[in-house]
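Two complexes come next, and they have one chain in common, chain A, joined by chain B in the first and chain C in the second.
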Partner chain A sequence: MLHTVNKSSFERNSLKSCLNTIDNTSVILLIEDGVISAAKNTNSPMIADLAAQGRVYALQGDVEARGISSKLADNIKLVDYAGFVDLVVEHGTTVSWV
Partner chain B sequence: MATKKFMYLNRRSSFGTVYAIESLEVVLIAAAFEQDVSLAFIDDGVYQIVEGQNADGIGMKNFSKTFHALGDYDINKLYVSAESLEERGLNVDDLMPLAYEDEDDDWAEKPSIKVVSNAQLSKIMSEQDVCLSF
Partner chain C sequence: MKISIQINEGPYQHQASDTAYQFAKAAIEKGHEIFRVFFYHDGVNNASRFTLPPQDDRNVVNQWAELGIKNVDGEPELVVCIAAALRRGMLDESEASKNGIDGNNIHPAFRISGLGQLIEAGIQSDRLVVFGD
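What follows is the complex of A and B.
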């Protein structure tokens, strides 16, 4: 499964809810304000293990818009919109944690 | 017209919601009415003034450049929460170098951004006539 998270983990608990229910093969794509969780900050430990397994992606345009390209946490994979589509195709069911 | 002290609390990042750009609009309106305006950046609001934003990839307007104009409207009190910066792994060097020219000091260019603790911010808020949260 593909889980998309579009809210900042400092403002909403949607990333936490997603992490509570995610299985061992699913991946997370951070989009919109969700990419704030892709920056190196006090919430980074939430996704550090998943990222180390190569299972955390962030949408490049949203990262650049927020000025955090140079501040990403370790092992975050950047994708463009075409990469977003590839993830949807590859992982079947998508959950949007809006 | 009577002048009041207005403080605008910017609590959200720039593009995920409409709050940030709407706040900036209202700030400019207050400045046009020559009010005493201060801005506070707390929580994810600190991302509004991070240096190096590029919104080309999401097809939205990068309005962060407008913050550079605030000095010309005599808006030079921009308070940034130290705690909010630290939580997000940011420091003052990651922020845009916003400045104003001080007419009482031979138009010397001075920084508009002041990093303050939440306790200091609390005191500054208590001195306002109006606080608007966005």
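What follows is the complex of A and C.
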């Protein structure tokens, strides 16, 4: 499954809820304010293990718009909108955590 | 692949409609079919034909219209939830006349219909992606 998270974890608990719920084949895509969690020293411990397994993506345009391109946590994979579409196609059901 | 989209937030207030639009555009460019876009809750405000942003800003409503998402019969598949729309003063010609109101504001590239259209989109499509708050 693909899980999208669109809120910063300073604002909502959606990333935490998502991490508590997902199985070990799911991947996470951070979009909109969700990309804040992809910045170093924010929530990196929360998602570090998952990122190390190559299962955390962030939407490049949203990362750039928030000025965190140079502050990304390790192993976060950047995708553009075409990459977003590919993730939706590859991972069956999409769950939107809002 | 057949993909449908649900949008729960209005334009300019929230990024949902912009993200969904960029997603839909990328999907079409990749050769996928956008079966339906369902505008729900405040998302119905994406269908106002009176939307007039400043000249140097994107027009979210026209952007959706220009994607030309239609079915084989040529009907628009940008579908606005009727209950959410009427509550917010979003009316097409038929709803306006039915309710004795002298104007309508739904863009012609959109159509008003019921929640069943969202369920049908979920059944008919390979993927349903939700954007909102």
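Operating definition for what follows: the second predicted complex is superposed on the first by the 97 of 98 C-alpha atoms of A that agree within 3 Å, B and C clash if a C-alpha of one lies under 4 Å from a C-alpha of the other, contacts with A are read in each partner's own complex, and residues count from 1 in each chain.
By definition in this document, a residue touches a chain if its C-beta (ideal position, glycine included) is under 8 Å from a C-beta of that chain, and two chains touch if they have at least 3 such contacts.
Given the structure is predicted, the values throughout are model-derived calculations rather than measurements.
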(request) Please tell me, clash or fit, for chain B and chain C sharing chain A in the overlay. (result) fit
(message) Rounding to a multiple of 10°, what is the angle at chain A's Cα centre between the Cα centres of chain B and chain C in the superposition?
(response) 80
(message) A:K40 in the overlay: touching chain B, chain C, both, or neither? Say first, second, both or neither.
(response) first
(request) For A:E32, decide between first (touching chain B), second (touching chain C), both and neither. (result) both
(request) Could you say whether A:S70 touches chain B, chain C, both of them, or neither, answering first, second, both or neither? (result) first
(request) Using the superposition on chain A described above, determine whether A:A82 touches chain B (first), chain C (second), both, or neither. (result) second
(request) Figure out whether A:V98 sits in contact with chain B (first) or chain C (second), or with both, or with neither. (result) second
(request) Compute the least Cα distance separating chain B from chain C in the superposition and give it as a whole number of Å. (result) 5
(request) Could you give the residue numbers on chain A that contact chain B in one complex and chain C in the other? (result) 6, 32-33, 61-62, 80
(request) Within their complex, state which residues of chain B touch chain A. (result) 12-17, 43-44, 47, 50-58, 60, 62, 64, 86-90, 94
(message) Which stretch or stretches of chain C touch chain A in the complex?
(response) 1, 3, 8, 15-16, 19, 22-23, 25-27, 29-30, 32, 127-133
(message) List the residues on chain A that touch chain B in their complex, please.
(response) 6-8, 10-11, 32-33, 36, 39-44, 60-62, 64-71, 80
(request) Name, in rising order, each residue of chain A that touches chain C in their complex. (result) 4, 6, 31-33, 59, 61-62, 80-82, 84-86, 88-89, 92-94, 96, 98
